[in-house]
Every structure is written in structure tokens, then in C-alpha cells.
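Labels A, B, C and D are assigned to the chains in the order they are written; within every chain, residues are numbered from 1.
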Amino acid sequence: MKQPIRIGVLGLGRIGKMHIRNLVAMKDFEVVHGVDPFLNEETEQEMQELGISCSREPEDIFSDPSITAVMICSITETHSDFIIRAAKAGKDIFCEKPIDHNVDRILSALRAVKEADVILQVGFMHRFDIHHSKIQHMIADGSIGKLEVLKITSRDPAPPSMKYISESGGIYVDFMIHDFDMARFLTGSEVKEVFATGTSVCDPQISEYGDVGSGHAILRFENGTIAVLETSRRSSFGHDQRIEALGSEGCAMDDNIYENNVRFFTHDGFHGAKVPYHFPERYKDAYLVELTDFAEAVRQHSVPSVTGFDGLQAVLIAEAAAISAKSGKLEPVRKVTVS
Amino acid sequence: MKQPIRIGVLGLGRIGKMHIRNLVAMKDFEVVHGVDPFLNEETEQEMQELGISCSREPEDIFSDPSITAVMICSITETHSDFIIRAAKAGKDIFCEKPIDHNVDRILSALRAVKEADVILQVGFMHRFDIHHSKIQHMIADGSIGKLEVLKITSRDPAPPSMKYISESGGIYVDFMIHDFDMARFLTGSEVKEVFATGTSVCDPQISEYGDVGSGHAILRFENGTIAVLETSRRSSFGHDQRIEALGSEGCAMDDNIYENNVRFFTHDGFHGAKVPYHFPERYKDAYLVELTDFAEAVRQHSVPSVTGFDGLQAVLIAEAAAISAKSGKLEPVRKVTVS
Amino acid sequence: MKQPIRIGVLGLGRIGKMHIRNLVAMKDFEVVHGVDPFLNEETEQEMQELGISCSREPEDIFSDPSITAVMICSITETHSDFIIRAAKAGKDIFCEKPIDHNVDRILSALRAVKEADVILQVGFMHRFDIHHSKIQHMIADGSIGKLEVLKITSRDPAPPSMKYISESGGIYVDFMIHDFDMARFLTGSEVKEVFATGTSVCDPQISEYGDVGSGHAILRFENGTIAVLETSRRSSFGHDQRIEALGSEGCAMDDNIYENNVRFFTHDGFHGAKVPYHFPERYKDAYLVELTDFAEAVRQHSVPSVTGFDGLQAVLIAEAAAISAKSGKLEPVRKVTVS
Amino acid sequence: MKQPIRIGVLGLGRIGKMHIRNLVAMKDFEVVHGVDPFLNEETEQEMQELGISCSREPEDIFSDPSITAVMICSITETHSDFIIRAAKAGKDIFCEKPIDHNVDRILSALRAVKEADVILQVGFMHRFDIHHSKIQHMIADGSIGKLEVLKITSRDPAPPSMKYISESGGIYVDFMIHDFDMARFLTGSEVKEVFATGTSVCDPQISEYGDVGSGHAILRFENGTIAVLETSRRSSFGHDQRIEALGSEGCAMDDNIYENNVRFFTHDGFHGAKVPYHFPERYKDAYLVELTDFAEAVRQHSVPSVTGFDGLQAVLIAEAAAISAKSGKLEPVRKVTVS
């Protein structure tokens, strides 16, 4: 059997712990150390139970030569710096989305990765969902003919805390970034122009932070495809995640998944099960596939399924969307080259 | 345009009135006269509003030479006699199911029809439902390969009155007769043996009349197919009507129909529309197709889609089922020839 | 029984003939005369078979005092003039969509209707579809909570002839006008601003006529709701007509309808029936309900379900959409008052 | 963390290896040793890679005091003997279905288990499927009202080898035993009488071994419920596993599961994904839940979810079904007490 990849985790919040649980259950990885600047007793104990040492000092990971890969789950502001430090230390990197809110910092990070010739994979787990990826296959292999219109619906069950909103960078870079990435992934083309608009009718408080609760965007791609993205911080029925691809030969649509497939018929109609409440349940399997994919890229030192370039492009689209939401106009997406 | 078929209706109860509403709306028919021995003022007025004369005397229809067709919707006991009288008067006949509870009387009726060379169509409207008939086509044209197992689910929303139950002839000849006919129609074969059993757990009062509220039957056909029939006088969610055909190449299933196709997703799951409450709504379109089919048979003097022989066979299966329900054994279906 | 409404039909093209077939089958109407400037032998014969006289002269209808209502199915350019002439002759009016491409002419027509105090109903039959109207009820009665986002998908199976395209007035006023009307109907609010864009990737020839084959629009309503409209002149699988309403309490979605509800399961997956090919099949029932609704408005001299004001507003939204598609900006919808 | 349960596996065929893969992935178990009388090189190597020692001698497991539990996946004839030997050695037992074809041997085994006070769980994994168990909950908690009729559809994709058929004990005890168990589980009652019949129309060769390829049974329960079981060794579209529970308040139905939830709409209708091919894929999750359940029973020395009594009852129903299939009559299920 292959040796597990010794990995250190930066950021032990909700998403960090979720990844750790997956990593621990996989034979591909051995989680060696966890770091969180706000490490508390509860987390310390959780890590201890999993047999993982932990500390508040990122250097504990970067300076440990036995650790060959890092997973970055810390707050967005720290991502670029951690990527650079990991790259310099020769470690392969898995980084949660978005790479950064700032395009220049992203470019610095990508440059460091390139120089060090390490793997960088970005956490767009939507790509690994079997339903979404079935549609991607059907587009890529021509099953639907020429793709003409792509529609993505992406809704969270409930808005996050206002603190989160205030630090999120806004709905486009924080939330719709998944959908911007999926649109690129599915069309296989780059976005030329974006129109975006939004509203906070679902939670007026969000507008106090200069943000919106629902974001709606139309993307025009270089290959002529149009994508219509429909998102909301709230859909009271759960994590609504659907894709629709209209091609010249037909239309492929996926549906949400359901907790079970029982329908109950009464005098009042029929009733079916809930959709998963939020992304950890909805993308449970996708998170595992994503890590398996990362492990393979690391072992073979090959291009990962989701690259730093992908991470950059999604941020550039988000940037244009945010500008459009203010200007009320179709806005071009910046072209940036990673020198 | 073709001349309408001048038709008289015997029996102005619920089903008779439903047919009349359909006949009146169709250009193929002109309803000339209605007869009911218990004619009341309300019915009289309804007929008047539709421009239809009515009386209590069947002879008013049989002796009117301008009436060329009759529709028999009276109580089952009268069917055979009315068929014979109509045949002798040279009128084409549409008769509601079952032709009769008594096989000998059915044979007399069929003989009279044959001698007079008139059309006799029996009211098995399930055959004309587009969903069921799609399955029939898929079996007949080999789409599903060789048919191996047929399943029919047939449930009423609520038991009829105990008076109705007491005069119905029992669940097999009154209710499952539709399903026995559909099984023959779908398999294209004759039933060799029947096992039937039932229970009144859905309404214990039914057992006081020597009948059951749910009937379950397994039919073995001459061509090797097995049919499993599942029926109940009560399914609180509406008129449950589903067919499933397992063939060597795959399985065709139809579903109930719904009042609309809206689904509503909430924190509690999703909710869909009701199925139609009972047969008049469920088979609304089928009743019209059935009458169009009858009109065509009458006009072309051709064999109707549902013959007297079909009506007889269904009663013979019902007879075997009733015997089986008592004996607890597979029982053969009687072979009877219409000399 | 009530006397039928004596109606004359202007325009005996595809849609005119479809309405005539429905009118003839309904007891509410008697089609007295049909007019078409390009009347040919085939149409003449069809009308004769239906017992309807016909000619090439509109005045034959306007000047006949026994005709109390007119149905306008002629080319759009003639609508306003015919409305004015019908109104002056004191006849109630059913007019196909759009009322006119020109807002001033619409205003003249509405003024004439107002002065003459006749009924004017516009042919937005989508409103009468039971699936769509179920969603409207669920929004209006608060079942879904406060409506936040509305999505409409509306696609034709195949583009019309290039001749049709060249005279259509463009996708926004010709095609999406139905969806603009539905958006107003469903939200119960007026559109403040529109962003629209399109592409002819589905049929590049369309762009030679300065038009697009697929239109995508985001509408911002006065009450804060956002509507996202997705349309195409081509969806190879049939007439795709779906609505989705995201509210604070949940999301209501309807689905297309299918030719039958049989599913066939094979080693290769399962297969289901087609959706109706085009609007005459898809909105078959809705067209009948629409006419029943018109008959009731005429008989009771009451405000019809779809008014001239509704017809005007839809055109104003289409106008803003067409401007936006050129400017690449959110554009305001003109406020116009019918003095 | 809890110590893993040290388990030995008897029988390293297809099902044994599947369980081993699951056990190895679970923290609850440590697979210590595997035994198969026909151990070949390939299996030896597979076990070595998993770090599991293996041999041809069952005693290697029974005599190892460090092994506290055994999993019996060997051929049915050996089950009772292995249960007795494991019980005498004080080991907890997981035994694949059926316990035995012979009721007397089952009774001996159950007696040994009772005397030794060890855990015995039988491998009816259908109970642990989330869709089926949702229905069980809805019956048990009264959601569907009083259960009246239960329907189970259970079909394999393709018949096993004729060698397997010839040694299987027949369709009732080998195949339908799962459904007999589910019927007891769902109704919460014991079967009084059984009618069963079958056919080999799906594969005539099966009849040469005195067996049938499809089995159809009606069960009458002590509490008045009727269950209708529909099974086949072949359904070309995959492992068809559906349950339907008609209660006084409504009807709960589950559906098969699908490889993904994408639907593709074309001019020809729509197409959906496959159902899982066979039980290892269909019950993938259920097999894991089953083992978790066993681990809990072992750790807490509590009554497992599926007991030896359950295993016995299923065989007694199968026995009555086999008799009925020959006699053509409703047959009583033997009452047997484990003294």
C-alpha cells in the first residue's frame, strides 16, 4: 500500500474540521498537525481524540519537513501568504475558496507556486458532485449538442451571521464564486462580460453592509454561450443546487438530492423528503472525491482538477460582477496573465 | 358533416348522467330520450335543460324507430334483458360493466346480439386511458420484449354505501372486473387460473355483507404471463390507478395523474398536488374516447374495441376469483363458448 | 340556456383558425363571419364546413349589428386600427398579443375602448394554464410567504421562418411579451427596470435581421422582487414552459407537461414521454379557459382577466428590454398613462 | 476511542469479501483472520494486502480467544454448525441469510446461542436501507394510519448460474426470504397463511431444477394486514427494490435509487439514469449501517436489530410458500418455539 500523504491543516474552523474528518477517514492522508490562531480547549480536545497535534503557530507546519502538504482553511485574508510560505517550503497545497479577494495577492501566490513547482488545488467541490459532473460530461462529449444556455441555481438555506457578511467580501466573491467556477467548468470557455444585480429582500439587514442577499448574473462567454446564475443566501427549504444545460440537441437538468425517496400520498396531495440542509450534507461525497483528486495530483505531481488559474479566474469574474452590480451595466472581465 | 347517432339512455343515475353530459357535448350523438324507472323531478328538469325527453318506460326507447342506438346504464340485473330487447329492435348497444352477474344470462344476451347483428360495446373505459394504452402499445409492439409479469393497482378513494355493497355482486365482479379486463387487454391472452383473497380491514362493516374491502388476485395466463392485481375500496388519497409491465427488455410503469404539476419545497420537504378523487375525474378523457370509439363502430358496423366476449370473459374470471377467495385455492376459469 | 355571443373573427391564419375551432366547440359563442384579406380557397372551404361565412372585407364584420364581439387575430400592424373600429361599432374585443408594436397606437386604441365602454381582452393565455395559475394562487394567497425571486423559462421548439422573424418586431415584443406579462401577473407588481441580452447561437441567421434567437432578461419590480426570464426560439425537446417562485417560506415550481406518464426502465436508464411540441398543444386547455373567461366578461360587462392596460404594460417592458439589449445597461420602463 | 471488535470471517466468497472491505474501513472492527476451505492464491493475496491472515481451517477462528466475534458468510449448509461452534466458544455472531434451509438445524443453533448468551444477528440488510426504513418508521409511528396492504417488489438484474440455482434451496428460501423478513419487519406482525406461485418464463432453464425464476406471494398476517410480494430473478434494468404501504390515512411508497439525478430532454422524450445494477451497489450504505448496528449490539450485549428468531421466522414463511407453490393453496405458516 502507498504511504499516506502527511498533511498539516491551517485553520480549524467549521470547514477545517470537516476536511479533517474526511482526511482522517481516508487512507491517502495522515493529518499530522493542525494550526489555529484562536485555538480553544474544545478544538484541542477534538484534535487529541483524533491523534492530531495542534498549535497556534503556522510555522509549526511550514518548518516541519515531514509534512509534505498543507490544507488552507483559514480566513481568506491569510490564504495568499500561507500559499507563498507553503510553496517556499516545497509543500503541496490545497486552498479553500476564494484564493484571495485581492487579485494582485493572488498573482503573487500563483507565482510562488509556479516557481516552487508545487501542486495548488482550489476548493471548488461543486465540480466533484456526481450530478453536476454528469452534466459536464454530457456537454464535453457532445451529448447535448452545442451548449447554448447554461443555468445555475445556487441557494443557501439561511443567511450567515452579519459578522460573516461584513467580512465576506460580498456575495459575488464569497458565494457566487462557486457558480462562476462551475460556469467556466461547464462551458469550457472564459467569461467575456458580466451583468449582475441583486437585492436584499430576503434579509434587509444585509444591505446595511453594502451587500445583497440574492445575486443574479448573466455571463457572456467567449464561445457565445450565455450563463444565467441565480443565487440567494436564503431558500428556506435547504441547499438548492441545480444546473440546466440547453444544447442544440436537448436539455440536461439535474435536480437536488433528497434525504430519502419516499413519497407519501394523502387526501391533500403527496409529500416528499427534504433536500439536504446545507453544503456539508449536500456535497458530502463531493468533498471526499475532491480530496482523492488532490491526493492523486500530489502523488503524480500532475495538474490538479482545479488549478490556481481557475481560482484566479473565478475571482476576476466576481470582480466584474461586483462592478456591474454598481454600474448597472454589462462589464468586461479583466484579462490578467500570470507571468 | 355526418349525421349524429340518435341514442336513448336507459338508467339516469350517476353514471348515466355522466355519459349523457359527454354525449350531449359530442357531435357524434344526439341523445333523444332517457328512461329511468325511478325518474324524479330533479332528473326530469336536468334532462329538460339538455333538451332530452324522458320517461319511466324502457319501451319508449325500444319502440322508437328513430332511435338507432341505446346506452345501458341501469342496474346490472336489467342489463341482459335490455340488451336482448335492444338487439331485437335492431339497435346498437353500449352497455356498462358488468354485462351481468349471471353467465347464462350473458350468453343469452350475446346470442341475441349475434342474431340481430348489432354492435355491442362494453364500458371498460380503462382501456381508453392514454397512459394505460401507451403500456398496452409497448407490450403489443414488443418494446418491452416478452411480457413476464403484469401488475395492476386499482383503488377507490372510499367505499360505496353499504346498500351498494349489498347489491354489487361482490368486489370481484363489481370492482375488480375492470382489472380483469385490463389484464386480458394488456397480456393479449386468456386467464387459465386465478387465486384471490381479500380482507375488510379497511372497513369491517363490508364483511357483514359477505364481501371484502380489498381484493388481491394472482392470475396465471395461457401464455405463461402472471398478473398480480391489487385493489381496494379505499385509498384515502384518491383514485389510485397504476400499471406495471415487466418484460424481458425492461419495465414500463405508468403513474397516477395529478391535478397540477406544481411542487412546493419547504423546510419540511416538498408537497405535490392531489390525484383525481374518483373515476369520473380520473377517466374523464377516457370516457370521451370510449364514446368516440363506439360511434365509429356503429357508423362502420365494425367490431368495437371492447366486445361482448370481453364482457363475458371478465365475468368468468370474476367468478373464478370469487370461488378461489372461498376455497383458498388456485381455481380454473371456466371455458364457455357463445354458440 | 344563455344565448351564444355572436362573434366575428379578423384574421384566418394559424392562430385565427385555432381560436375558431375552439369557439365553434363552445356553447358560449356563435362564429358568424370570418375575414382575411388573403382569403384562399382552402380556408373558404374550411369555413364553409364549419358553417361560417367569410370574406376579405373587415367592414363586413364591423358593419354587421348582429355581431356583438370580434376576435382580432390578424397581423400586429392592423390590431390598433381594428380595435378602434370595433370599439366605435360598440363591439367587445378579444385581441391577440401584442396589441401593437407602437405605444402611441396602443394608447389610441385603449382610449377608443374606454370611450366606447366595450370589453377588451388581450390574448395572454399563459395566465390560464392550470399549472402556472396554481403558482399565481400560491403567491397571491401567501402560501410561499413573500415572493423574492421569480424565474420563467419559456422556449419554443424551433425558430419560425426568417420572414416571420423579419416582421416580428424582435424577440422581446413578439416572444418574451408572454413572459413579461406573466412576470407582472405573478408578482402583482410593475417593472421598474430591465436588463436584457441575447444571442443567436441557436440560429446565426436570426442575427442578420437584427434580432436574437435567445433572450435573457432580469426585471426589477417596484415591490423589490426580481424576475429572471430565460427564453429561446429553439429547445429541440419541445415547448419548454416552466415557472419557479422563491418565497420566504419555500419555493413553488411547476414542470412541463408530458404526452403520457409512462416511464420505461431498461439496462440503459429510464425513458419518459415527450413534452408537447408547441404552444397549441401545450396551452390547449388554457386557450379554452381564456375564451370562457372572455365570454363571462362580455356577458357581465365586467373587467376581463387580461386588460388593455396589461397589454400596454407588456409592450412597455419589451420596449425597455430592446433598449437594454442595445445599451448593455439596466433600463427604466416608461410610465405611460392612458388618459 | 473504543477498542475495535476483533472479528474472524468464515467464507471468503463474494459476500464475505464485500463484508471484509466494509469491516476494514470501519473503526469498530479489526478483521483478524479469514477462513475458506477453498482458499486460493488470489484470495490469499487480497487478504495479505489488507493485513488479514487466512487459512482453510475454521477451528483457527473458533480456538483463537482473541477473536470475540465471527461473521459467517460460508455456504448455507455450514451456517448452523458454525453458529453452534461459535456460540460454544463464546463468540458473538453475524450470520448471512438464510440461517439454514432446515428448521431443526436452525432450532439447534438458536438453542446454542441462547445457552451461551452470545449475540446472533442475521444479515437482512434491506432493513437498514434509509428508504425502506423510512417507510417502516411511518408505519410504526402511525403516520400512515393503520397499515392495510403492503407491497414489495424485489427483482434481481439477471439470474445466477444454474449451479447456484441448483444449490439455492429454491427461490422462496434463497431469494424471497429477504422480502418475507421485510414484510414481518414492516407490518410488525406474524404471517398466518401464505399463497405462492411462480413461473420460469424469464428463464425456462430454471424450471429444470424444480425452481422458478419469478415468485409471487400473498401473505395474510395475524393483525389482518395483507402483503403482496412480487419478485423475479431478472429485471433487465437493474436491482428493482420498491415498497408500498397503504394505510388508512394514505400510502407511502419508496422508489429505486438512481446513479445520478440528471434528466436529458430530447425530441424523443426524456432520459434518466440507471438504477444500481445489483445488491452490492443498491444496499452499499445499508451494509455499513448493518455492521454498525451489529457492533453496537456486541458492545452493549443488547438484542440486535435482526435476531435469530427473525431468521427462523423468515425460513418458516419460505417453507410455507414452497408448499403452497406446489399445492396451489393458501398454506399456514408453522408455529415453532425455540425452547
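We take it that a contact is a pair of C-beta atoms (placed from the backbone, for glycine too) under 8 Å apart; a residue touches a chain by one contact, two chains touch by 3 or more.
What you see is a predicted model; the values in this text were computed from it and never measured.
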Pair joined by the larger number of C-beta contacts - A-C, A-B: A-C
Remotest chain, subunit A as reference, centres from CA atoms: B
Interchain centroid distance [CA atoms averaged], subunit B/subunit D, Å: 42
Euclidean distance of C-alpha centroids - subunit A vs subunit B, Å: 59
Chain centre separation (subunit A, subunit C; CA means) in Å: 42
Multi-chain contact residues (two or more partners), subunit D: 235-237, 240, 249-251, 263, 265-267, 273
Residues of subunit C that touch subunit A when the two form their complex: 145-146, 148-149, 151, 153, 155, 193, 195, 197-199, 201-202, 214, 216, 218, 220, 224-226, 228, 230, 232, 234-237, 240, 246, 248-251, 328-330
Touching residues (chain side subunit D, partner subunit A) in the complex: 1, 49, 130-131, 134-135, 138, 143-144, 249-257, 259-267, 273
In the complex, subunit A residues that touch subunit B: 235-238, 240, 263, 265-275
